[in-house]
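In the part that follows, the structures are each spelled out as structure tokens.
The two complexes that follow have chain A in common; it is paired with chain B in the first and with chain C in the second.
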Partner chain A sequence: MKARILDRRDVLKIVDLLKRQGYEVIAPFRGRGRDTFFDTVSDENRERIELHLPNPYYPPKRYVLPHIEPLLNAHSGNGGIRIQPTFDDPKRAIFGIRSCDVAGIYHLDRFYIGREFRDTYYERRRKNLFLVNMVCTDPGEDINRECFCMCADTGPASRDHFDMQLMDLGDEFMAVAGTARGEALFDDPIFRRGGEGHLKRRAEILNGVRSHFKNTTRSWFSAAVRQITQGTVLEKTWEEVGDRCLECGGCTYVCPACTCFTVSDRKVAPGEVERVRVWDSCALLGFTRMAGGHNPRRAVHDRRNRRFFRKLEHHFIERELSMACVGCGRCAAVCHGDVGMPSVVEMIRRATMETDNNES
Partner chain B sequence: MAHRLTTCTFCGVGCGLYLETADNRVIGVSPSMSHPANQGKICLRGWHIHEVISTPDRLRTPMIRKDGQLREAGWDEAFDFIARRLKEIRDKHGPDSIAFLNSPRCSNEETYLLQKFGRTVIKTNNVDHGAGVYSNNSTDVLMEMIGVPATTNSFNELGKSDVIIVSNVDLGKRLPTIAGAVIRARLDGAKVIVTGTRSHRVVKNADIFLQNKPGTDALLYGAMTKVIVDHGLMNLPFIKKHCSDFDNFLSTIVNFDLLEASEVCGVQAELIEEAALAYAGAGSAAILYSTGLEYGSTDAIKAMVNMCLVTGQIGKEGAGLFALTEHNNLQGACDMGMLPDRLPGYGQVTDAAVRAEFEKKWKTGIPAKPGIAAKWVLSDRGKGSIHAVWLCRYDPVSTAFFTNAEESLKQCDLVIMQHLFLTESAKYSHVVLPTAMFGEEQVTFTSGERRIQLAKQVIDPPKGITPGWHHIMQVAQEMGADWRYESAADIMDEIGTVVPFYSGASHENLAREYGRQWPCTKDKPLGTSFLFEDGIPGQCFKFMRVERHDELFATSREYPFLLVLGHSLYYWHRNVLIRHSETLKREYQVPLLDYPEGFAGMHPDDAKQLGVRDGDRIRLRSDSGSIVTVAALSHEVRSGTLFMPFFVKQVEQQIQGPGRSGLHLIKVNVEKEAQ
Partner chain C sequence: MNPDDNIYLPRIAVVDRVSDEIPEVKTFYWHFEDDADQQAFRKFRPGQFAQVSIFGVGEFPASLPPSPTEDETFFTVRSVGSCTAALHQLKPGDKFGVRGPYGNGFPMEEYYGRSLVFVAGGIGLIPLRSCIVYALKNREKYDRILVFYGARSPRELMYLPSLREWERSAGIECRLTVDRKGPEDEWEGNIGVVGSLFKIPGTNIPVDNTIAFVCGPPVMFRFVIRDLLGLGFREQDIVSTLERYMKCGVGKCGHCCIGVAYVCTQGPVFTYEQIRNLGEDI
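And now, the complex of A and B:
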């Protein structure tokens, strides 16, 4: 991959560059208190774009898989029904998407367009999406208590799957091109070639940042993968998880790598129906309910263990060539009962340690 | 795209969330991490709020019934019609022939104007909110005993409580954010005690579960209080300084003997004692109960407050009484005086001095006679005296479980309905006005922790549609009132002049940070986190005697089961809003799919004894009626009890027989019916 250097004061010009190319640019802003969110850049808010701030909670997966997405309109009349797809796939650039979220979008790519059936709606949106990844370098602002991208091997700097990556080196930024269209931006005069010194600085900063992640979640993630894949997690552990779960769906909705959805037909007017796709969650009772009332996952702990199997079981990692957990920590923040990924990994570790006779 | 911080429209937690909009549509929702009440978490309902808001099947134009059919009409036509008909009925039958009923989800501004309209334009006190039948007893008891009809502390203090008691409410389903706070408090070392007839998710996270028989709450809490007294753990300095009527109350405590209570409640004496000692010995201990329609009997609430006062667990962080509200503005509806016997701020309508104050501020006379409560308006039209009903966002045909509202509405000469959708009650309405939806107007809601919050306007309402308060103002003007509110903020300013504890709560002040918890006054503009945080003024608390009424729940050999009527675990207030989201509809209506004719929840052990399997038809027989229903087996139901969700309305009437008032506990016997 090619890399360039630019001055700190020129970084936001990338936003302008993308806008000139016809992209609607999304960037991170502060809300109230610790809240942050991605929003459309306009003349009014451009100066308020922040480069270092807590990762926006509402995951950017919604730019490829919207929270609610119109799919088609059906009109009845003249003795027939006319169906028209409703596509909504503007050219968009996310300026400042984090490495964990980049991995999340890559996982969704594998799921939605990397297999036998290609999802047209997803594909159209994805083709028009330009990703400018911002490496997490500020331990105070960028990294929060729940982050564990190190365990999930997705950060703090993405290795791939972005169009451009920006990294704060101090007075200068390093820009790395991940795709041809990312590289095409390098024609702009704000970019110049760098040298060995810049690469060294990058390595120094990344090493420093890595040491800032919480210790507890670093060691046992792979053990959880192994235990789930081998089927050695105790039923009791899943029951404990289920006891603390309030079936809110939050973990699924905030997860950058969760893919589930349902479809709803809504009456717009007499003779006109719109079909929308909305996020859904395997945490919910009705998710696997069959016609007739049979439900293979009626108990809440059966639904919870399904989630962690989908995330950590080897077969799924193999199938998507990507793990369905990117270490962003949002599930830990959103969970009422504190049974997000970090806590469950720890619960699995503790439970199996207690019963593992081979542990010395 | 835009993101606006607002507060949720569903339950009384008042979670902070961001609504994402684009092209005048709400396209997404996410929780606020910084909001003190929910700190980054919301429930399933909140996660689908955008689906509900964006539902296309809204009412678009007013409708007036002509020749038996509701037909589209213009706004002026509709307002003229309403004003004319109200005048006619008032002139013919008197002001008290008209009643105003609203939903506890209406905003403060809307609610305030509706009760003001009833009192100053029509001159009646027939104003009530739809949840009053089961929550107004909490208001009355708290007013009497602690002088404030609301939760005393804040939700985010639960993390600081040493002991938390949860009484008779399935927090996990009704108020999930609070359930989460309780679960996390326990993970942090708090002791959690749950009381109640039915087991639920929070029970799985409790240290002590007192699964008492239905109707025995007053007895249980009385027994715990006696344990505290017997062990000498009363907070005597606190009682002496701040409470009256202690001796009177103490003289009745002898009726709550631990061993006898244990027998009658069906709970081990050791557990009752353990719970009582934990509560009394805690640095700060909180009691949580719901003002929703589970078994919130007046006596139970009195008993809980007595126990709180005996130990002085009030007026400090992490302690207190949590009168949880299950609707986003139930607290506000009461604060705004949408009560037949109280004015805004809770003064009694029968109090001449209070009335004089209002007459001065409202510049007109107001009636002195307390009005007819919603329950009676909708059961028998106030013994036939009501001829017109104004329903504001209230669909009693669907949600008034306690009676068959259809009958009453059918007999009314005028039914005015303001709502978002053509609900069931529209069938009996003479005029229907479409209102603005949550997110289409800037108004305020007051959550269960007294937090007055702005619900922001993030999109424009459909063409022609205005806020509900605006309709009320228009009709008032047509009837001669000189009302000139340019915005909801104007109404809030007026509210501040008549409700002292809202006097600092202007929209401007509320827009900063996360709303304000009342009392929010000019002197205390930042609001009040927990009541009495500045000190407890003298003797402002009062004990109350609780008498035993064992006959209410005592079973016999002939009728050995207690049938409890309550919320379905998954149903949310008849799903009027819920059904507009695919996921919510699925999750909240699953019981209807599995048991389309309704069901009675039964413990598997009881079922086995009767030879009943899940899905079998069973007959429940009381001394005045019987019904056939379907058995739904669940370990959450207490053995010896049956649980029936309210949505099977016919049940109550069939099994209680005509003319009986809405008791929640019915003694029945159960037989397997021919399948």
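And now, the complex of A and C:
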């Protein structure tokens, strides 16, 4: 991977370069208070793009997997039906995507197009998506209480899967190209070659940032993977998780690595039907309910068990070569019952310690 | 299927004729508008399924009751939800959508040389019909073929003309039962659950070198499994096909995933040993 240096005042020129190449550029902004969000960059809001801010609640996943996405239109008339697939795959760049969310998109890549039955809709959109990753370096702004990318091994700096990565070195930024199209941007005169000093500075900053993460879930993720895979998590632990789940589905809707969807038809004009897919959630009772009412997964704790099993069981990790949890901490922030990923990993660990103590 | 194909795009199918099977269950004979689709589809295996689209209502998974050795393609569907109710409204000439075939299907070639015992309850005969017809077409490849089929009442016996034919045929031993008969039903046969057929004196069920196919409602499934294990069947020699809520049929939407298995791509056919290890109710 090639790296270049640019001045702090030139960083937003990368947005301009991408816009000139025809990309719709998405970047993070700050609302009133602590809320932050991704939005399309215009001439009007360009100066308000934030380089350091808490990662938006609502992940940038929707730019590759919209929460409501038309799949096809079916036109009826003259005794026939004509089916037309609907594609919406503009050239888009996400400027300032965090490392956890880069890992989230990589997970979606593995899931939707990494195996048999490639998802055409996802693939077309993904091919046109350019990712400018921003390394989390500001402990006060970038790192939330819930962040656990260290433990999921996705951050604070992505190792791969971005087109370009930016890291704040102070007065300068380091840019790393992850793909040929990322490297092509280095032709612009804002980029210059760096030296040993820059690499040293990068290493120092990263070492410093790593000490700012809460340490509660730092070492127990692999233990949870092992126990879920071996099926040794006690039923009462799942029941405890289920008791605290309010079945709102929030954890799945803010998750950058959740993939489930439902499909729905809607009439849009006389003789014309639009088929859309809509994000769905395994937390909801109707997720497995069949026509006629039979539901093989009725209990809340079985549905909660399902979410963590799907994310941490090693067969899935092996199959996708990626884990469906990227350590962004959004589920922990959104959950009213405090059964987001870090808490559940901790509950599994604690229950095991109790069992171990009883056995010895 | 071509890897570049759009996996969510149904092909247009046309209803040829509709026949009433039993109350609330109809069989729809159909063909693809495009003959190339028809030829590609015809390579399905017994036990596979297809996604059926009624545009404006939705899409649902349906078993394929025909055997690939038969000329006609058809679905047999109970009207139970919004999509199936909409399918039931279709008349000859009406158009709908089909995607597939999907799923693993029964490995009928692996069973060559073995005896086949089919145990079905109610509309559980729909997916097994494909295997039975396939096995009869390839009769010399298998040892004994037995069918045990039960329905709630005589009026609810599926595929009655085929059942009567199988009862008379030399190559297949077919035993029928009903849970109960009404005063107006003409029924001379056995009355009792399907497992009661196993206990009729003179019934000789092969166990060694035999595959048992079980399909029916969850409660029937549990009792039949108990009976078969009692007869000495090994868990890996009992096969079934699972039913789950599905939206895509191609391992993406997530609804049908049990344990580590996607019912749509790794199933719907599983051995009882696999089903037990998946850790969820049938």
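Definition applied: the second predicted complex is superposed on the first by the 355 of 360 C-alpha atoms of A that agree within 3 Å, B and C clash if a C-alpha of one lies under 4 Å from a C-alpha of the other, contacts with A are read in each partner's own complex, and residues count from 1 in each chain.
The definition used in the following text is that a contact is a pair of C-beta atoms (placed from the backbone, for glycine too) under 8 Å apart; a residue touches a chain by one contact, two chains touch by 3 or more.
Since the structure is predicted, the reported quantities are computational estimates derived from the model, not experimental observations.
A.B. asks: Assess the superposed three-chain arrangement around chain A: do chain B and chain C clash, or do they fit?
C.D. replies: The answer is fit.
A.B. asks: Could you say whether A:Asp280 touches chain B, chain C, both of them, or neither, answering first, second, both or neither?
C.D. replies: After superposing on A, A:Asp280 lies in contact with both chain B and chain C.
A.B. asks: Counting only touches as set out at the top, which of chain B and chain C does A:Arg48 meet: first, second, both, neither?
C.D. replies: neither
A.B. asks: Is A:Glu313 contacted by the first partner chain B, the second partner chain C, both or neither?
C.D. replies: The answer is second: A:Glu313 touches chain C but not chain B.
A.B. asks: Classify the contacts of A:Arg145 with the two partner chains as first (chain B alone), second (chain C alone), both, or neither.
C.D. replies: neither
A.B. asks: Identify the partner contact of A:Gly80: answer first if only chain B is touched, second if only chain C is, both if each is, neither if none is.
C.D. replies: A:Gly80 contacts chain C only, not chain B.
A.B. asks: Contact-wise, after the overlay, does A:Arg118 reach chain B, chain C, both or neither (first, second, both, neither)?
C.D. replies: Once the two structures are laid over each other on A, A:Arg118 reaches chain C alone.
A.B. asks: Given Cα centres, how many degrees, to the nearest 10, is the angle at chain A formed with chain B and chain C?
C.D. replies: 80
A.B. asks: Considering only touches as defined above, state whether A:Arg289 meets chain B (first), chain C (second), both or neither.
C.D. replies: Both partners, chain B and chain C.
A.B. asks: Taking the superposition as given, does A:Lys267 touch the first partner, chain B, the second, chain C, both, or neither?
C.D. replies: Both partners.
A.B. asks: State whether A:Leu71 touches chain B only (first), chain C only (second), both chains, or neither.
C.D. replies: Only chain C; A:Leu71 stays clear of chain B.
A.B. asks: Once superposed, minimum distance in angstrom between C-alpha atoms of chain B and those of chain C?
C.D. replies: It comes out at 8 Å between the closest C-alpha atoms.
A.B. asks: By the touch definition above, which chain A residues appear in both interfaces, chain B in one complex and chain C in the other?
C.D. replies: Of chain A, residues 262-264, 267, 280, 289 contact chain B in one complex and chain C in the other.
A.B. asks: Can you tell me which positions in chain A touch chain C when the two form their complex?
C.D. replies: 71-72, 74, 76, 79-81, 83, 85, 111-112, 115-121, 231, 259-265, 267, 273, 275, 277, 280, 282, 287-292, 294, 296-297, 302, 309-310, 313, 315-316
A.B. asks: So in the complex, which bits of chain C are touching chain A?
C.D. replies: Within the complex, chain C contacts chain A at residues 3, 5-10, 12, 53, 55-60, 80-84, 93, 95-97, 218, 243-245, 247-248, 250-255, 257-260, 265, 279-282.
A.B. asks: Okay, in this complex, where on chain A does chain B touch?
C.D. replies: Touching chain B from chain A are residues 26, 31-35, 37, 39-40, 57-58, 62, 66-68, 243-250, 253-254, 262-264, 266-269, 274, 278-281, 284-286, 289, 293, 333-338.
A.B. asks: So in the complex, which bits of chain B are touching chain A?
C.D. replies: Counting only chain B, the residues touching chain A are 1-3, 5, 18, 20, 27-35, 40-44, 47-48, 50-51, 54-57, 172, 176-177, 179-181, 183-184, 187, 201, 204-205, 513-514, 570, 581-583, 586-587, 590, 593-594.
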